[in-house]
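Following are the structures in question.
You will see two complexes here that share subunit A, one where it goes with subunit B and one where it goes with subunit C.
Right after this comes the complex of A and B.
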């Protein structure tokens, strides 16, 4: 089942930088864990998924605005903010 | 009346507070003295705002004096695992990622505790983002088992269990995704209950695996566990998976001596330590002697539980932890030229090794070409496991097993072998996969380390589990036990 395991691709998908040592270690550990998952591949399983109800009908509520944290609180939590807005590195170059 | 306050149960403290002259301030001051004497050895708390605690205690004493006491938890301290939001208090999940986060709001359970008059008493250590079985994955500190400081307390709610066993607090909240309340409860000789999925709101619980996560009560005795459960369980429209008022009634406890107890075939065999097997077998014989009907039940897909859990839980975790991108809150890397670099560097610097491992695993099992082979098969296996448990629980009232195969191990002993740590949860995971209530009850010792047994019941059968536990506790005197420190 673990055929084609590519730690570089996986790290990119997960938005993680891994050192060379981490790549070796995680590849080893993930392959070991995925090997344990082989029991799932061999198991006789039902064709359909029938889980517990996870959403009660009464949870569907009217689509109306509720209480919010407010801009001051939100910007205080943010790592960086300016003029009441959360600031992030530039996304689009001036020349673009 | 001369026992030290830190040795008393929450229920007894509540009674003494109601009767006087004990005040909540005097109680909290005594526990703060205990905190300074013991917490450095055990490492259960990561934060305690003494001024805030005493202000809450004074407010409670004023309410009581004015005849406005709010019930049996009025003035009683409850410590909170550090993944449950308390407004104005740290909410770190024991992670560098959230090291500086102060919660701007209360979780639903926090609101419930305030409404009950309880004192919100400090933040408890845990495995980072609740991922682990030993509390060794905390980025803040290690927590040690009060019964043997060389051993782990279990996890991920290791701070909660250790705080109770060390007499640092009478009640604690934990969260349980695959055994994170029950496994540390077993290792520390306390009671831990994972409720039916949907009984307690998850609003304000930092998400790990949303279809499995539940908040639950932890205590030194069954009476306290029941008291805390009663305070926490209520409907909440902010958690769409929380039972509505009309469908949350618990099944009556009935007569615990007439319980039908199922023993899953093979669960006391391979991999279970000899002293654990002896203690759990003695518990089974106790129930038989009380008149309970004991029978063996078949759970043929039990071996699929661990792989199923680790596919589902890591898949959900990889999605839930996608929110930590360094933008709105949490750690942001100082070296970030572009938004993608900011996200990647922030996550790489903020997450610890186990969290990264689970994100990578979850990303893999959801990735194109593998989702059908892993995630979708795991969901089908989960359906099968749930069906088997419900079928078994149609013939018996509860299932009894060990909580954990072996007693607490030495700190560092399994740190380099994640698969061995994952297998710690082999008996506790099925209840999460099936959404069933389950409890760990102390039942003896392996050497000097506590052992617990585990009861699983049908949905909303918490009262039966608690009644069964109380029957055992009353006859064995494990209630309120604390480690000598």
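Right after this comes the complex of A and C.
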């Protein structure tokens, strides 16, 4: 089992059914990715580096409504639909 | 060991989700609005289709900052968005764009007013602290039909400001007062419409109890998705009673997520989705951190309206209005501004103007169906006074005519009714109806002297002269009768006193 994460827990959160072989493979790969970021974290970089990802308000969009897809297109993108709505297996939040 | 409910203190924190008043969605240009056919207000960005990228709506950001300024928060230099990951059909992208570490509003407070002992007595005021507010996207709407569920994504991507309080509320009445205040602040600043019937304000309610005097907070439960002020109040009452019952029976409170059945007035445990709270947040790579310029903050600061309770204090202390009238006026910014416009024209009698506005004008507006919401108990969005047939300057004119003694108070009611019907100036109505009170001293003097000479009132005159002040009133009736009610009562009184000396 890799350090810092639980592959079974992650697979469950991501709704993935992994075989034993896949668990070994993905654990290894995830560890490599995490190792990469750990290496980056150790690097001595200037604190201002984050500014590259900061934008000013000129990057915002104006509050102008644009085109929509239409219910027909939206429902066609889904495996099942009914009355203009996307149909899914019943999910319940109401009082049991 | 038995204990009474007063041995316990309830601690409440609220998370209030408010749809912001914008035309387009928060990260997409799709329009949104209530009552459209399902899935007609959806574009590829809302669905997170491959190749699409979100761009933040400026108006949504500015409305959020404006809210921050309204509650006196410090506007941060930067804010940023994160992905909250979970699988649920209401969530088209499998993540919700929200703000976790760098929200757009940090801190602030909301002043609340509790009900007084009666309608005309002001209740206690308190300040409830705001922890933060973050700008996120709303999710789609699910409806359940038989073995399946149906999804409408029209609501997905609607700008949602989640306002999180500190656990400062101590009763159902305080929670209710807080929501009323918050709705007034949001609507008066134009941040949101808060129409609860359209789901524009929804609330999660955290409740815990502790022994009075204890410092440590008890285990809390969270009741989700309350869509009215009364549901929040009822939930607090229900949850408090339930938790007291549990603890006094020697059981413990489980930290759980609950729902509220408004029809049956009872709470229930939501079947907790396993790991539902493991959202694996991470910074959204598509949306860069936003720097908020101080120029924008300064510009928005100018849009912050006078706080409703500051306004109320000003009305009571500076204008001398009774609390009842002041509280009705300040609950609606448009109404308060209407009143102030009238009071500016006739500054001598703000109280008289306030009486007309809060009694006659609101009653007639309600009857004509243009302002019913102004009178209801729930705080509702601003109602348009634009269609009100009477303009502020006209009401001021009417009050001035009454104050100057040109018409009587009774006549003023008649003029007001006509004014509401036709939108004419008070003076024009008075002249057209020949209502002008007789202030011609010469003519009136003659009538007064005739009445005094009449033997029928000799007894009253004698009584008056003997020191009975009230006896003078017996002479006023006959004078009024002779002038067909047009005589100025103030003038009659003066003349009588002069002649009876």
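As a working rule, the second predicted complex is superposed on the first by the 67 of 96 C-alpha atoms of A that agree within 3 Å, B and C clash if a C-alpha of one lies under 4 Å from a C-alpha of the other, contacts with A are read in each partner's own complex, and residues count from 1 in each chain.
Note that a residue touches a chain if its C-beta (ideal position, glycine included) is under 8 Å from a C-beta of that chain, and two chains touch if they have at least 3 such contacts.
The model shown is predicted, which means the values in this text are computed figures rather than measured ones.
When the two complexes are overlaid on their common chain A, residue A:77 makes contact with subunit B and with subunit C alike. In the superposed model, A:91 lies in contact with both subunit B and subunit C.
Judged by the touch definition given at the top, the superposed model places A:41 against subunit B, while subunit C stays out of reach.
Look at A:61: by the touch rule set out above, it reaches both subunit B and subunit C. By the touch criterion defined above, A:13 reaches both subunit B and subunit C.
Once the two complexes are overlaid on chain A, the subunit A residues touched by subunit B in the first and by subunit C in the second are 13, 15, 50, 54-56, 59, 61, 69, 74, 77, 86, 88-91. Residues 1, 4-5, 7, 10-11, 13-18, 22, 26, 29-30, 32-34, 36-37, 39-41, 43, 45-52, 54-56, 58-59, 61, 69, 73-74, 77-80, 86, 88-91 of subunit A are the ones touching subunit B in the complex. Interface residues of subunit C facing subunit A in the complex, by the touch rule stated above, are 22-24, 28-31, 37-44, 47, 49, 55-61, 78, 85, 87-89, 142-144, 146-153, 259, 261, 268-271, 275, 278, 280, 288-293, 296. Per the touch definition, subunit A reaches subunit C in the complex via residues 9, 12-13, 15, 50, 53-57, 59-71, 74-75, 77, 82-96.
The residues of subunit B lying in touch with subunit A in their complex are 101, 104-105, 197-198, 211, 237, 240-244, 246-247, 301, 303-304, 306-308, 310-311, 318, 325-332, 336-345, 347-348, 351, 356-357, 359-361, 363-364, 367, 369-370, 373-374, 376-384, 386-387, 418-419, 422, 434-435, 459.
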